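Next, two complexes with subunit A in common: one pairs it with subunit B, the other with subunit C.
== the complex of A and B ==
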């Protein structure tokens, strides 16, 4: 029964990790840059929801109506002010730029919120319900459902809209996309905006389930990168599968053996899979095939 | 020529007792990274001590000037920082950083350059097993941190099942193992023993295992983030142990209350080396000055503040006694068996640098206040709640 509980916990927690990693993989798919600032953007999302809850008593889930558009604009601003002006070695230079963005954001957050740990403590954060002897914490269930809805929304945007076609065209061949009249700059800007907005949603859940400070971004980004590599750079569904698998593997190993070996086991499996499929579970080739 | 050669070779421990400039004290503090919460409190503790001592004539009649460098909680950066403090900034003395993880490599650097390292927040066994003679810990070392709690449990409870979990930290794990060894020797059964790495962010599987064991006693070697998370997970799992003690987390004042909810704090215990109402040496002055400098209330002052302050107090007394800024004379005197006083109580060093006079306290949340409950007979402890109230039953 403990193993079953660990699998359920892994699936529920994996859901909102997919949300955070989804933004990272989307940005790579379109812009071919690894957004090293995604971890700190998640923490920024957590802080914004924390501030709105603490000072204005706005429920964290409701706060997404404010934080997601706000962070969408931040993503666009970062693209126009820092990524687009790069004329040479854009892929490499943008890595450094995003790292710098993350470092600057961490400094500002430390300055504004101090380095004291905080947590978004809503009345329902400790509630849970049971099914048989299995326990379902309310917050993880809400977060999982929200992640499914948001990821489905992004999926719809990608595969059922004109913007999505432009975006996928930019992913497959940016030069050809420009030739047929797609403004790839705006597509890239919107993509970074969407990626950062997804971080806002993931950050809100992270802030509800963990105490955090700006430094929490380091543990987050290493996990998110592992998820994106496992799932395949550029694949949204790959990120979802990889998130769930990572958390389930870690949780089950923690229960039956030791938490110390949970992460090690995941990374061993990750390496083995990459040996067989260097592009990850649903890497770019698979994405293009869709 | 010799002086020039010495200068060219870099740093040598300061020994001039005749200078009229400020006495400089170098410390690496963790203002970001995993220890940032405690690191900030540690820095504030050192700042409070320097301000207090400067208001009372400084050391040897000279003002104290603190030289802080931030290490990002990194064992690599902390080494660089102490090298810079000693060889570039030429500080007179160094005091310890936050945690055993950082104290261990720092003390090696200090030793290399002939500096004494008085520290208060790095009492893991590995620090004292290095064979160094320049490290002096003014607090209770790791393996004894929970001994007061363990002795109370044995004296007041029949042997029961105990669940243990700890971060794999060089201070926290020995702390847990020390309690486990004592309790096992007295008939208490270890039903869960889980270690988890520092970078863990999801504690639900560990909490589930502990909850499933239904152990009435839970001992956790936590830092604040996991300390808060375990309580949240236990509440979600509807598991309320009779006795719950965490190494760190409940000692974080309002941050702890906000994180776990005021109605869930009651009965939770935490070991500590200090409390605000202590009548130990200069404690009330430290508390007043801290509040004046940083705001808040006495109950919200982290024990890290007092620990850092204690390190400064011992340095003050020792340097005032030897009347010199010579690190070698300081090391010799600290090894002499002399007794010092601090806000944490008496300090007397064993040959390996551990404090043989330390008396670890146990604190417990009762009615919204972190109360001093153990040991009996030191200060004015309030009666301990032998059984933790159920979750939500009030602070």
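== the complex of A and C ==
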């Protein structure tokens, strides 16, 4: 029963990890850049929801109406000011630039919110209901449902709209996409915006379920990157499966063995899988660079 | 006609111009730098200054070591903190269990720490070097976090989050830092020598060819897996030595500071700023940035302003000098040399042509080349000179 509970917890928490990791993998798929600042973007989203809740008492779930468009604009601004001007060696340089962006953001967040751990504490944060002997915390269920809705929205955007077609074209072959008249610059900018907005949504849940400060971003980004590699870089479905698997493995190991080994086990499994399948679960096989 | 061929655009085909400054300048510069570093603690004996100097030396060794693998092979590792941590724990554990007294004897453990890291790097490298590019970057981070978690969890060995204490040497406080500084300097010189050897040897040529195009290098018969693994182990050795020097200097080892995720980013920043894949790049980067970083830290007295300033500085450097300081300076130097030779060639070539046929000459030389030899060269020729540079 404990194991079943752990599996359910893993799936529920995996939902919002999928949001954050999905943003990372989309950005990678379109412009081949590793958004190292995704961790701090999640924390920024959490802080924005926190500020709106404590100062204006806006419900965190409602605050997404404000924070997601705001973060979307931040993503676009970061693309035009930081990524676009990089002329050479984009893959590595963008990683370093995004790291620097993350450092600056961390400094600013620490200045504004101090480095004390905070948590968004809504009245319903500790509520839960039970089915049989299984416990379902309300907040995880809400978060899971919200993640499903948002991810469905992203899938709709990707597979049913004109923008989605341009985005997938830019993913498959940027040069050819440009040749048929797609403005890959704007597609990239919007994608980074969407990725960062997904981080905002994930961050809101993160802020509800964890106490956090700006330094939480390091732990977050390493988990998110592990998920994205596990699922295969650039594969949204891979990221979804990998986040759920990661959290389930972690929770089950924590129950069966000991909580301290949960994350280690995940990393070990990650490495074992990469030995067999270097491109990750659903990743495309790496083609020769050039 | 003179030996110098004048093409219709007026650009002289450059005779061979070396890609680096002449040997005398390089050796003199290196010698002066060494003398300066050797007498530095005598000039500035203030303990606050010398402790910054020790940190600088530690990062210098680590940066040179990191560059031997990541710079020359093009595989950017963000997980070398794994070896920084292993080096620290090796020294601390050996000092504790083998009862090595604090002081000069501890420094005898440095090569051991390096060797332990090099040995550990072989199986780790075997696994992580199977993948390339981003996946490689992230895998190295994953390995580092696994080791960090192990250090947290293997309490019987590492005392977990409680960390290990090392007893301080009994040197007098006023020159406490100096032994660490000089040992660090020696380690840095050895690391530099290793880096120089790798850069100049046939083995290193194979490594550089992997950086430029791994598949083609393999096609040419280079055993890519072995070449990369050797460089990985060499670089782990020096990063381990840096860690082994850091632990007794600070006097304690903690999982989160030994296996520190920001360590590699700091080292990568140094090397990128100095010029990745060059011999002098890590040296320039470490000697400039670490003192600057420490200065910022002391100046602002506020870790957050420091983070912001450092991030902004980093972006500015990436934007202005994308190739790094060392390559940018050599490029500039070479550009000046090319321009000067071209101007000289033109002033020699023009009279010769003028005698032969004035009709061809008027169309051949468009720029006002009749000026004195010292005249500034046509600006259009300068970007062309940079065009044939090898990247990085």
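In the analysis below, the second predicted complex is superposed on the first by the 284 of 290 C-alpha atoms of A that agree within 3 Å, B and C clash if a C-alpha of one lies under 4 Å from a C-alpha of the other, contacts with A are read in each partner's own complex, and residues count from 1 in each chain.
What we mean here is this: a residue touches a chain if its C-beta (ideal position, glycine included) is under 8 Å from a C-beta of that chain, and two chains touch if they have at least 3 such contacts.
Remember, it's a predicted structure, so these values are computed and weren't measured experimentally.
Q: Clash or fit: what happens to subunit B and subunit C when subunit A is overlaid?
A: Pair status: clash.
Q: Would you sort A:263 into first (subunit B), second (subunit C), both or neither based on which partner it touches?
A: both
Q: In the superposed arrangement, which partner chain does A:110 touch: subunit B (first), subunit C (second), both, or neither?
A: both
Q: Between subunit B and subunit C, whom does A:121 touch in the aligned arrangement: first, second, both, or neither?
A: A:121 contacts subunit B only, not subunit C.
Q: Please work out whether A:88 is in contact with subunit B alone, subunit C alone, both, or neither, and reply first, second, both or neither.
A: Touch partner of A:88: subunit C, not subunit B.
Q: May I ask you to decide whether A:137 touches subunit B, subunit C, both, or neither, giving the answer as first, second, both or neither?
A: first
Q: Output check: A:64 vs subunit B and subunit C. Expected answer is one of first, second, both, neither. What do you get?
A: Touch partners of A:64: none, neither subunit B nor subunit C.
Q: Looking at A:2 after the superposition, I want to know if it touches subunit B, subunit C, both of them or none. Which is it: first, second, both, neither?
A: It touches subunit B, and subunit C stays clear.
Q: Does the superposition put A:222 against subunit B (first), subunit C (second), both, or neither?
A: both
Q: Which of the stretches 40-48, 130-138 or 292-300 of subunit C runs into subunit B once the two complexes are superposed on chain A?
A: 40-48
Q: Identify the residues of subunit A that lie in both the subunit B contact region and the subunit C contact region.
A: 106, 110, 218, 222, 260, 263
Q: Quick check on the complex: what are the subunit A residues that touch subunit C?
A: Interface residues on the subunit A side: 28, 34, 82, 85-89, 91-93, 95-97, 99-104, 106-108, 110-111, 218, 222, 225-226, 228-229, 233, 260-261, 263-264, 267-268, 270-271, 274-275, 278-280, 286, 288-290.
Q: So in the complex, which bits of subunit A are touching subunit B?
A: Touch residues, subunit A against subunit B: 1-2, 5-6, 9, 13, 106, 110, 114-119, 121, 125-128, 130, 135, 137, 139, 209-216, 218-220, 222-223, 247, 250-252, 254-255, 258-260, 262-263.
Q: Within the complex, which stretch of subunit B touches subunit A?
A: 31-34, 36-37, 39-40, 72-73, 168, 194-197, 199-202, 204-206, 208-209, 212, 224-225, 228-229, 232-233, 235-238, 252, 255, 258-261, 264, 391
Q: For the complex, give me every residue of subunit C touching subunit A.
A: Residue list for subunit C touching subunit A: 76, 127, 130-135, 137-139, 141-143, 145-146, 149-150, 152-153, 213, 215, 261-262, 265, 268-269, 272, 303-308, 310-312, 314-315, 318-319, 322, 391.
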